């Protein structure tokens, strides 16, 4: 029996579908994660390009948008175990160009910038309270890396009872093996991994229902 | 360049090592995750056997021990998105034999039973406060599944600034592909994946230093 | 200048009002907090009586209901600093009659029982995820004690971006000074302190709008 | 029976004492909370003066120090219910002089600046992870206001199993009634309210034991 069959037999991998109101979180698409010499590589550039199209659709359909960045204090006073494991993270301070959202996805006034120090966009941040305030029940997660901050955010979104939606062409990783493995795991256990054009169609459908 | 080389070049995968005081958390080694007809299979039985040896060593060396179980209310009133994704989880109620820790690892008086509803052992539980109360800085994580609740617990342990230690022979999964992929990811980004006999040697060393 | 004038001058004490969907949480109205020989006294019995009327209205209007209880493990393995401060808390184990919701407010099938170990109903529990799953934006908080678990729950509800509503006759405390001081503080900074009949009128209005 | 007698009879108000390692958190002693025309007044200036002496002692004795500030994004994108209750909070943006720590307590390199949006210094911040990383078990809480962010921080510190210590002359509030009421409540239920010179003596004792 192959792996998918095991999960199917155990009743996993159900489709969640969209709820009533979605938000988009773009995880760590900053210059440092778009540079193969720092934390980037693999299929990340393609994922940024696809996210640009999705971001435009989100803005057109009044979907609240948040961007995350890893930011440590200049003196490293809040660096911890994650930085011990990957010491270059400590260079991602507030004024470092590597910490800024990539130019193609530049945040607009009124979009929420979530500064974080860990993999999950929920850990030690105001993301969950912001989602509650906006009556969100569905969280579209794009960004990098698939096997790192995207996955950690999806796992936490599920635990917080948001419906996690992962547009598979809008997430990227420095290496394809971990990327593929995390897409499989997320789709089996935590959220729906679907194509970004399907996500855009849902956002348009929800918006037309709302108006 | 193969995948490990990419991570090495980017400065990831450093060894954390043990801190000053360790605890052991045994994640979801309950009957339902030891039964291939429910949520089990793969290398889980072997991981339970190896965990038994590690648990004995932990007890001998005064290492605080916690066990987690997935438990939903009988009427399903606290089931959410995770249960929509994997509906059989809802059967794991407090009196269901499938929810009980496997007989080989039976908890003892004074060991902490963490009932949870999500993948991470930290989410919506008292685990973090218990670790703080016991002055823990290093968390040994065993259990099932490697790509599910073990990994989610390790990611959160790292974010909470505990040093996560994963004895590779003491974690198991229903399918080996996801198991191997999560061992790789955890070792690169969140914790140290080492052999259980190395873990036992460290516990003995810490205990002899303490006395 | 009296105290209210200071707060008014600094722009505090605004009325929040109800949002779109409310839930009711009944905090620690268990036998031990209704017994002056244990943790009760003061105006708690009156607050239980008023809560009964509110609970009936909530059920008639399809408002999701949660009950909290303080529960420690039988062996005290998860007791911590709060128990050091007030050691009798440790007696509140799962089978102790003092830990059970008072008979007048007996929970019904499908209502969520939140077991907790600390003052706030959010800390280490599934309350926030349950509220998210039910699309709640407004949290009515009743129970005991006003200056303890009620207030801690209201402060956290505000931080999580729920609109906290405190029906002033449905919260009680063992001593009236702390009760009054916390009503004042909550109304100035975290929620709306109003009469329970006003709360009931709002629930009926929201329900008629929904249908 | 007066109020203290009720608490004593119910076994509350025990002294916690110091643990093995303490940190100091200075809550919201920023210009806006030292200005009676904004959020200040009452005994806050005296509390800042007493905190300066305590801060000097903490630095002399290698006690880790954190400062909190309320900071909202310039466009208000992360303002929520707390800001609806007290709209002037929204002016506390990163570059507003009112948001900066008062000159008498200026943070030094290596001290942790915690930016927050809510009353508790733990909510949506890295404070807990920072305390874990520094092996802290005792949290000295000073700042403003006693009935607001100080108290919320103390309640959360207790829930996270740190021993909260409140030097009573180092916390201040815009109005004395709420200040006194919160000192009473904190001392009965969540922490030890003692004089700052007693705190300093304990820090010196702990430091001499460590070296």
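General remarks:
In order of appearance the chains are A, B, C and D, and numbering begins at 1 in each one.
Definition applied: a contact is a pair of C-beta atoms (placed from the backbone, for glycine too) under 8 Å apart; a residue touches a chain by one contact, two chains touch by 3 or more.
Please read all numbers here as calculations on a predicted model, not as lab measurements.
The chains that touch both chain A and chain C are B, D.
Set side by side, the interfaces B-D and A-B show unequal numbers of C-beta pairs in contact, with more at A-B. Once the centre of each chain is set as its mean CA position, chain B and chain D turn out to be 35 Å apart. Computed centre separation for the pair chain A/chain B is 25 angstrom, with centres defined by C-alpha atoms. Across the assembly, chain C contributes residues 80-81, 118, 124, 128-130, 132-133, 159, 161-162 that each touch 2 or more other chains. By the touch criterion given at the top, residues 73, 75, 77-78, 80-81, 109-113, 117-118, 124-126, 128-130, 133 of chain A touch chain D in their complex. Listed in rising order, the residues of chain A touching chain C in the complex are 20, 128-133, 135, 137, 159-162.
Partner chain B is touched in their complex by these residues of chain A: 3, 6-7, 10-14, 16, 38-39, 41-42, 80-82, 84-88, 118-120, 123-124, 147-148, 152, 155-156, 158-159, 161-164, 174-175, 177-178, 181-182, 184-185, 188-191.
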